[in-house]
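So, here come the structures, one by one.
Two complexes are shown next, each including chain A; its partner changes from chain B in the first to chain C in the second.
The block that comes next holds the complex of A and B.
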């Protein structure tokens, strides 16, 4: 990895899979101004909390976390045009600053059949440009754009991202992403994440996402993290 | 200065590195003569050539003209490609290359076709459903196999096209050769917005070196 993957950006399947992460920032930060080791991605648990961003940051810092930088997650909603509204549902397109060259798309099907997993994909950012060509079907709803931005902490094997969620400039809530980095098998990380949550956010223990509790040894991908963010944004939208 | 302007785009819009201008010419020859062309290309091109076998789906977004939209938008076509004979274990079946091709530019003077292309590499466990969710519908699909040569910036692709007789079934008994011909494409990709005339002339000159084996033409495929 260190020598650069030599893969050329577009064909880096690892990036597409979401398993090789910070490709861009690792290359960019080769000089080492950010002292974080090149790492593979882990398993995340994203929570929404009533506490303020400041109080959580103090809590993490007092617990021994070190600030390593900033992070941003954004989510745009594309709604179908009137003629297609019966056939297709809306599409949520997300970006995460930890995966700077990737676009995460989560579709909501019009039929909403619970047996069918919702269509989703990980792509490079060229997809955003293609999407703009499909404006005959899906158009961006600029008022529905959510942003979460804040501080990223390193905490031994954990990465903690604390951010404030805004929609069109108005504050909607606070999210915390806890990532356990040494594994990408969801149920292996399950206990460690529970312990962390118990220690810092005891009121959230019940909100464990299904993807982490599932007993299968499916590999976890970055899309699963972004899906958790999207669920939180959906809840915050309803809360108004 | 142009580049500096390009970088002032809002951060949510990706840089134009995924977007390029493609200069392209097409030609075809009967498959029994392809050996001669391969020998010629081996002499002209860079040392290695790569064989490929890919599955392409062409999907269209049909735009129904409505009273509310004044703009006369035409149908949008998106192509999806993946490696054929995919390896289930490595999930190569789920890795796709999505490509949007714009309408060719109306250039009478330019000796080659110029069109805008946007590429994206995607991974999805349910690509067909995802495509449907984008409002796209599959028009046709085919399998293409052949060889790719490069000569500096120029890419030469020899395609043998095969049709899929029933959709969704790709075993040997359902995939039949389309014709007894090999489709030849020579192309160059340039960054978006740069002057292309000089490269176009170089591409034309290269294509002429393949004469008399194959005649490369600026085929006006968009006229029906």
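The block that comes next holds the complex of A and C.
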């Protein structure tokens, strides 16, 4: 670790108010390696594992990951009332602590027609208030609410979030989200994510999400991450 | 030419038109029927050819009653079959006797009475008019009471009183009807109004000129008071509560006004006092102002930059002379002109609030040292330089305050404080289309665009405190001075090549200078080489023509050497171009930046290969080396092994001229 410039001044020419100047070739920021700022959203691969949260956390920390905070992902289900059951489908509303101002909505249609994928949307948090006004058509299923909460780690270019999934107080499983931050293009991150999974979760290599395996260079969005979470929650719902 | 109305009731314009439906232009305009009749005037029945006007007399009471009575259909009330009208219809046995006639009449009148609807009778119009006239009389009585008790109206007798008796009733009627009487009272009324208006105009002209000599003393003092009150209201916030008049010294645009500590009282002196205005003339003032006691002093803020060394005495000063302001003579303060007193008190308030704001900001500053003592705030700027902010107090007297500090920084501080207070605290409501929010920061659609926490934090504008802004401005100002001094020194010391510089941009926190280097005698070869100096708040950076960036930080010597480096680079390029284009040399090695394995500086190697054939060592070549010495970089030339020249002794004033002469010598 670099000890600093050694000039002895509190405010040396190489730094301004504690921030390192990228063009300064002479002085370095005092107190350690240059920190990589947390970038914008990257490409994520969410897996559900049988291991315990503690063991995964120890694994990440032993590999060099540093803890940076906590995270929460929750999913609520809104079902249509009996009179409208034939007209409108079920709606899943998700929130992710990494996107504090957003609400993600994933609709469920009766037919799984690949040509007509179910509608998805991202809106601001006010959407939840609107849903409460629509209680005449859509009613929240309190028993079907999922929560995934845990710890977030920074691992070079990766962000790893390890959390326990609970439904109504009972633990359902452990979910891990691995986010490769430098790129937004899904297929560009595919190799790096595969390598990471292979290193830490070799049993999960087959569960690669479809969005990452696509050869097209579509931009990855937050909805794709939450979609992966919802699919895991659906699987866990069926579990006893 | 005027059409008469039906019944000769007057004339009207428009309608059919004064020209019977066609105007002068020959077009037919329908127009609007307009009747202009003065209220209360009698209608004209006829205007004779001699100008005699015949009026229609208004109906008297008896005429009016008769008119109404004619409207009543008595037959419906009385019944046409009654024998009263036609006695032949009655049977013989029913013929009334004379004695029964009276009884029958009584019966019939009773019937009439019974058949009248009780609520509305034939006299209801009469009753209505009577009521209306009673109201008019009440209004007249009110007017008379106002005239009697108050001074708004003055009744004026314009004619002899006419006593209406039974005997002279006709005289009153004749007087009312007489045109002469009407003319007389109208003319007199108009004359009175004219006199009143002329008097007020004369008074106004007199006051505007300023002469109050003719007005009595009480009125002049009253006028002075109201004039001064008006002037006070125009400049300051004034409020009246009951009989108490007070104002506010507050200068903030938003927030609470009339703060308790900023209120001044306004009273009227019993005797006006004299004061001398800006032109030195003696004026009078009748208003007395009482400002808060802690504002009875004059204050000023001085901002300056100084270097921290052991000999500096300017860090903190506690002079006894600075305590003169604490000796307050209330009598002398009371005799001050109110406008001066208020403006000084407000200035003191602003200075005090500014200093408190800066002191608060200094406490919250990170990674900057600051100290506060005796009204002086010292904050570390950069390197060994400190920013000094002093609040100085002076006695509450007339006179110019001494100047001090840096005028630019003083002004910049005042501008920042004004901007700080001019910023609205509460954002005004806006209609926002999509996001379900009224908050300004949500207009970037951070919810629907799924912004991460990092992105939201980055976009959050951190409010910069006033002291930080002042520090950046002061730091930049110091660096600008440093740069200008260095450039001038460089221009004086290094005359070859010619260096010119000019400002591209001058802003409070960043500036840019463009530097041209040119040899005026050889500009056809090299043209002008341009470099840019970027001056920020903490660093001076040079950007060369080929895109290289050299940081000079805050070091004047480093900047000087950087300018010399640019100079030397110009020489290398000039030598290469001159040798190549002018004398047919080839440039073998012309790397400006690379240092060889042995640590030798870059060299430009020029050689003439065409004319000389032989061993390479005998080929004349020119090697130009750049010295690595930071203190004095210069170019040394060496020409072959057998011939070393002292470049300085070559003929020519500039480098290009010397080089040109050298090439000429070699060619010979």
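Heads up, the rule we're going with is that the second predicted complex is superposed on the first by the 201 of 240 C-alpha atoms of A that agree within 3 Å, B and C clash if a C-alpha of one lies under 4 Å from a C-alpha of the other, contacts with A are read in each partner's own complex, and residues count from 1 in each chain.
Quick note on the criterion: a residue touches a chain if its C-beta (ideal position, glycine included) is under 8 Å from a C-beta of that chain, and two chains touch if they have at least 3 such contacts.
What you see is a predicted model, and the numbers here were worked out from it, not measured in a lab.
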{"item": "Which superposed partner A:167 touches (first chain B, second chain C, both, neither)", "value": "neither"}
{"item": "Partner chain in contact with A:99 - chain B first, chain C second, else both or neither", "value": "second"}
{"item": "A:136 touches, of chain B and chain C: first, second, both or neither?", "value": "first"}
{"item": "Touching partner for A:53 - first (chain B), second (chain C), both, neither", "value": "neither"}
{"item": "First (chain B), second (chain C), both or neither touched by A:154", "value": "neither"}
{"item": "First, second, both or neither for A:107, with chain B first and chain C second", "value": "first"}
{"item": "Partner chain in contact with A:41 - chain B first, chain C second, else both or neither", "value": "second"}
{"item": "Partner chain in contact with A:227 - chain B first, chain C second, else both or neither", "value": "neither"}
{"item": "First, second, both or neither for A:91, with chain B first and chain C second", "value": "first"}
{"item": "Shared contact residues on chain A - chain B and chain C", "value": "10-11, 13, 16-18, 122-127, 129-130"}
{"item": "Complex contact set, residues of chain A against chain C", "value": "10-11, 13, 16-18, 21, 23-25, 37-41, 97-104, 122-127, 129-130, 221-223"}
{"item": "Contact set on chain A toward chain B in their complex", "value": "9-13, 16-18, 74, 76, 80, 82-84, 87-89, 91, 95, 105, 107, 109, 116-117, 119-131, 133-134, 136-138"}
{"item": "Chain A partner contacts - residues on chain C that touch it in the complex", "value": "366-369, 380, 382, 435-437, 442, 445-456, 538-539, 549, 551, 553-554"}
{"item": "Residue ranges of chain B touching chain A (in the complex, touch as defined)", "value": "12-15, 17-19, 61, 63-64, 66, 68, 73, 76, 78, 95, 98, 100, 118-127, 129-130, 132-136"}
